[in-house]
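You will see two complexes here that share subunit A, one where it goes with subunit B and one where it goes with subunit C.
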Partner chain A sequence: MKFLAINLILTVIWGTISASFTPANLLLGFAVGALSLWLIRRELKPVTYPIRPLRLVLLLALFIKELAVSATKVAILVTRKKMALKPGIFAYPLTARSDFEITLLANLITLTPGTLSVDVSGDRKTLYVHALDCADPGALRQDIARGFERRIREAFER
Partner chain B sequence: MSHLTDLPAWAAIAVCGLLLMGAAMTLIGSIGLLRLPTFYDRLHAPTITTSGGTILVCFASMLCFAVLQSRWIFHEVLIIVFITVTTPVTLMLLGQASLYRHRFEKPQDVPLKQGPHAEKDRE
Partner chain C sequence: MLLIFLLAPFGGSLLVLFFPSDQRGATAWFAGAIAFVCFLLAAGIYPFVTAGGVLRFELDWIPELGLNLTLRMDGFAWLFATLITAIGVLVVLYARYYMAAEDPIPRFFALFLAFMGSMLGVVLSGNLILLAVFWELTSIVSFLLIGYWHHNAHARDGARIALTMTGMGGLSMLIGLLLIGRVVGSYELDAVLASGDAIRNDPLYLPILILILFGALTKSAQFPFHFWLPHAMAAPTPVSAYLHSATMVKAGVFLLARLWPVMAGTEAWFWIVGLAGLSTLLLGAYFAIFQQDLKGLLAYSTISHLGLITVLLSLGSPLAAVAAVFHIVNHATFKASLFMAAGIIDHETGTRDMRRLSGLFRYMPITATLAMVASAAMAGVPLLNGFLSKEMFFAEAIETHLVNSLDTITPYVATIAGMFAVTYSLRFIHSVFFGAPPADLPKRPHEPPRWMRAPIEFLVLACLIVGIIPGRTIGPFLHTAVVSILGDRTPDYSLAVWHGWNVPLIMSFVALSGGVGLYFLMRSYLATGIEGPPVFRLLQGQRIFERVLVTLSWKWARSLEQRFGTRRLQPQMLLLVFLAVSAAAVPLFRRGFELPPLVIRGIDPAFALLWALGIACAVGAAYQAKFHRLFALVLLGGAGLITCITFVWLSAPDLAVTQLLVEIVTTVLILLGLRWLPKRIEESRPEDIPLRVRFRRLRDFLLALAAGGGMSLIAYRVMTQPTPETIASYFVERAYSEGGGANVVNVILVDFRGFDTLGEVAVLSIVALTVFALLLRFRPHPDSQDIPLQQRVQNAFDDDHPDRNAGDSIAEYLHIPSTIMRWMFPVTGMLAAYLFLRGHDLPGGGFAAGIAMSIGFLLQYMAGGTRWVEERLRIHPLRWMSIGLLVAAATGIGSWVFGYPFLTSHSQYATLPIVGKVPLASAILFDLGVFSLVLGATVLMLIALAHQSVRAPRAHARPARTEREAAQ
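== the complex of A and B ==
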């Protein structure tokens, strides 16, 4: 019963993907959703963090903006004849605490061209990030802290 | 059996633009993969291809078939979601493996791991 909401969302997704909202098809979608939830029942935990749709949209907008900016930068970089590279790894002190937030942050950093998260320390306080242009690690740290990490914490912190 | 000629001009122009931009990003990513010198650097190039290229091409496909069949189409959103969720994991794993080796062979070049598991990892 706890996962009825998830099941309903899965049903709606089923409906949109198969492009028909007939009752029979929705019922089938509901059954498939229930089956898939049942298959992963041991991993399921009720959602414990609050969901803030507006903040999520802001995070998405920031991601798209960062994507456009850094994709252009890297594109210019690799198409130049002489590549002026100063690659390096820097340690980023994490303020995000939960595993979910850290995973999301690492994923977003990796998806943005030019930066790549490579490792997280055992105590989950430091993220190691490889940057193509690591001439000024301080500025990069500030970019992440003020950009992605702030937005993630706004969206998901309890 | 191509109905692509039925596409109105405004949609055709938008689809072409998206496709060309996506293709250009994919090409740039491939060039980057080819030209960048070290392993870490090379890991950066595919992210342009996956994030930029895939998303743009998927948008082009969505727009094209949504206009042709005059209904909303969401299949490509699934492609985008799966690609954006799985690609970074692969890259991070590769990067982590490489960093592990790097720390082992030339620990002076990279920031060492701190925290409770650090000693165990360094052995």
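== the complex of A and C ==
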């Protein structure tokens, strides 16, 4: 019961891959999920952070918005005759702490066109991000800090 | 009844193994009881086999191959079976006292009983193939018994020689028997015995004869294959007494006598068998005179006597056959007792060397007397059984059977051999029991325990009684045996001691007096104590044998290995591909090969583009393989994906799923292996490449083109052929109705062709184990022994920064991907479960699921590193593999329980609460086995590769260090 949340997520995944959300199938998915969690039971730590569904929805909305905005930006950038690009890597000071949050953030950054997370420093305090247009790293940092990172922390941090 | 008779020794053999090794008495009692019961059974059977009666037992084994478990006991087999069991009882009794306390007794008696069973099998077999099986069993058990004291090099050598010789003979005999089966049309002995004329007139008669004779003559230690028998004397004496005088070596002459009605009577038979027998008779006796080892003397004497029997069988006359059977029995009695006497002498004095033994009569008078009577029988002294059969032999020798030179010299050779026999018998007695008291013996000799002597007493008594009143004792039994061989051709013969003054008696007299005279003439020479006969001493069969063996198994093998071994992969590949291409090309050229015209229509541009991409990837991979392995691998993956998409395109989702998963696993495994390949050789400028290398490359290139081109030609030809009505439609029709699954491919795999799949997954596990075993001893190329550059840079970075621990950078490397990979594990588990569960109706199944699950493990290894994973997950690929194999096999066997053939699938729908109707086929259990096995095999290979990095290359590390130290 400790891993109910993860198990529920797995059940949803099961429903997705088997393309059927009938109660019977979901029940089967739940059982399979429990089984595969049982395999790694020694590695699982109980989830210590609360999940706030409303904030999660906000995060999702933000992500979709960012996706649309930056996709347009990049599209405009690359179709211009003279590509005034200044690509580069900047360091982003992380405030998110847990592995889960960092990974989520890094993936969201990567998923939005134009930016790409490259690596995390060993002490997990810095995220290195590659940007297609790195003319103003400060602005980019602020975007992330006020956008994704804030939403993630709202959704998952205690 | 016959089956019990045959199985009792084998069963006993198994049981004896469980006796504790310190219970010598109980073990011997048990083994003796088994032998005795068998003997009683044999005695009880006797009334059934008299007057040509035959007792049969038949059990179908593999009737399609003509192989039935037919047991058949006629008079001759009965005589042999009685001999085997009776002497078996005596030898068990003897061995009880002979074997030392520290010898592993259960093993001895287990092998002993197993031998008894195999020997009974040989004589009882009513089917030629069954006979060959038991024949080989006697060879193998004999090998184990000769090598019983396996710490002794002589025993090991002797065992090996015996096995090689008798094994070769057995194989050749098997071929001969198969040919007989071809001629006769049946392997049943009755059928074979009934068709003697057909065999003798068949053009294959000579090959059959030679092949079978090779088997029989090697087994019976006939010249020139006799040399294994003296070396087999390294066996414990009970074994020598039983196997190498009374029973196993008689198997050869048994076979000759058994097939005598079918094979004998021709010129070829007479020449081959007669020549072998005569030379063995003479040389064996001659060699025996010069032996210094007691058992050696007896061994050569055995060879000589076997030669005598062989000569008798060669003559082709019914009377000679009677004499042969009679002598088989007589020889078994006196020779077994002599061996036991020799064993007692060895046991009580500690040596068998006749140069050291003398004057033992005063220490062990009873044993000495017994041995004297037995050796008198061996020499053919009147009033003993040896005399009778020898007289019969002499009488047959002077008869003219065929007019040729061999027949003419037979009586002379026989007399001379008889003379030699007297000489060596006299020598045995005189040098061991008479003369000065022995000096410096390892032990002080005395009489053996009462019951150790009992078997000898019994056998010697038999010699005497048979020798004095043959007609009333052995007569009826002998008659029974002879009738079963000869049938209506059974001649009139008389077993009497006194036949009046005739030529055989004179020959006996000449042999006796000549032998005594010869012994006294040769005493001075023999006293010099040289081992082996003059002149022949230099020519040792064993040495020739060893040399041939070394040449065959060492020199040739090594040169073959050097030429084709795995040390030179390139030539090996060349050879392999070349052979494959030729094997494919030859029938094409001989049968003709026409290509239907190529019709191009309806090209889908997207599909064409896809294939152009795939072809580009494949060619690129081939080209880059030499220059950039990673590129090549990436391109290979590309080609694989295109194939995968093609499968989807051509609506083969099963193949697509499997291909995709296999592609992933292969790529990852190759990636792991890539790190261990040696460095690339930098290409020099094109003009510097020597001509030879260019030629080689051109040749290889052409060969590769031929292979690839040929393959596509064949594929083209096959695919342009109109599809014939195949079993495919059958499968499609019945997949659901009989297999209970909508996914035809899966139903075929786990149900219709389940047996194939079982074999395939077994092969898969063998491959995985092989990979594991090979990699276990893998020593990387010196180039790739060091840790890779990237890791070195990362470690150097840790070293430079005092706040970091060694290994930090590696642990932090690719942090985010590895976090994701860790999370993926339960998801891949679910995917695998999904693929597995839907396999019966939709693309998927155990194989795909197993691979998917192993991808989950692969990701874990990649993300966390070997140690990390193994600290956290329980990974037992071997266990998974074996469980998989067991489950799959058990499913198959399970259908036996319900009375269906192996792997019959059962399917029905079960209604579970809430979930609803669920298809439940027993095939799903089978599929579970496949899943487990595939998972285990893949993970095992992965582990084998992954552990390379964990393990320090020890074998090379040490010399490197010493070099460094030397440099300093």
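Following the convention adopted for this analysis, the second predicted complex is superposed on the first by the 128 of 158 C-alpha atoms of A that agree within 3 Å, B and C clash if a C-alpha of one lies under 4 Å from a C-alpha of the other, contacts with A are read in each partner's own complex, and residues count from 1 in each chain.
Please note the rule applied: contacts are C-beta pairs under 8 Å (C-beta built on N, C-alpha and C of every residue); 3 or more make two chains touch, one makes a residue touch a chain.
The shown structure was predicted, so the numbers you read here are calculated from the model rather than taken from an experiment.
Peer 1: Name the contact category of A:Ile17: first (subunit B only), second (subunit C only), both, or neither.
Peer 2: In the superposed model, A:Ile17 contacts both subunit B and subunit C.
Peer 1: Is A:Leu111 touching the first partner subunit B, the second partner subunit C, both, or neither of them?
Peer 2: It touches subunit B, and subunit C stays clear.
Peer 1: Taking the superposition on A as described, I'd like to know which of subunit B and subunit C A:Asp99 touches: first, second, both or neither.
Peer 2: A:Asp99 sits against subunit C, while subunit B stays out of touch.
Peer 1: Does subunit B (first) or subunit C (second) touch A:Leu27, or do both, or does neither?
Peer 2: Second partner only.
Peer 1: Would you sort A:Gly138 into first (subunit B), second (subunit C), both or neither based on which partner it touches?
Peer 2: Touch status of A:Gly138: no partner.
Peer 1: Is A:Pro53 touching the first partner subunit B, the second partner subunit C, both, or neither of them?
Peer 2: neither
Peer 1: A:Asp119 contacts which: subunit B (first), subunit C (second), both, neither?
Peer 2: In the superposed model, A:Asp119 contacts both subunit B and subunit C.
Peer 1: Would you tell me the residues on subunit A in contact with subunit B in one complex that are also in contact with subunit C in the other?
Peer 2: The answer is residues 17, 106-107, 117, 119, 121-122 of subunit A.
Peer 1: Subunit A touches which residues of subunit B in the complex?
Peer 2: 25, 28, 31-32, 35-38, 40-41, 43-45, 47-48, 50-52, 71-75, 78, 84-85, 87-89, 91-92, 95-96, 98-100, 110-111, 113-118, 121
Peer 1: Which of the residues in subunit A end up touching subunit C in this complex?
Peer 2: 6, 10, 13-14, 17-18, 23-24, 27-29, 32-33, 35-37, 39-40, 42-43, 99-100, 102-103, 106-107, 117, 119-122, 124
Peer 1: Using the touch definition up top, name the residues of subunit A that touch subunit B in the complex.
Peer 2: 16-17, 19, 67, 71, 74-75, 77-79, 83, 85, 87, 89-91, 106-107, 110-119, 121-123, 125-126, 128, 130, 132
Peer 1: Okay, in this complex, where on subunit C does subunit A touch?
Peer 2: So the residues of subunit C in touch with subunit A come to 804, 808-809, 812, 814-816, 819-820, 822, 825-827, 829-831, 833-834, 837-838, 872-873, 914-916.
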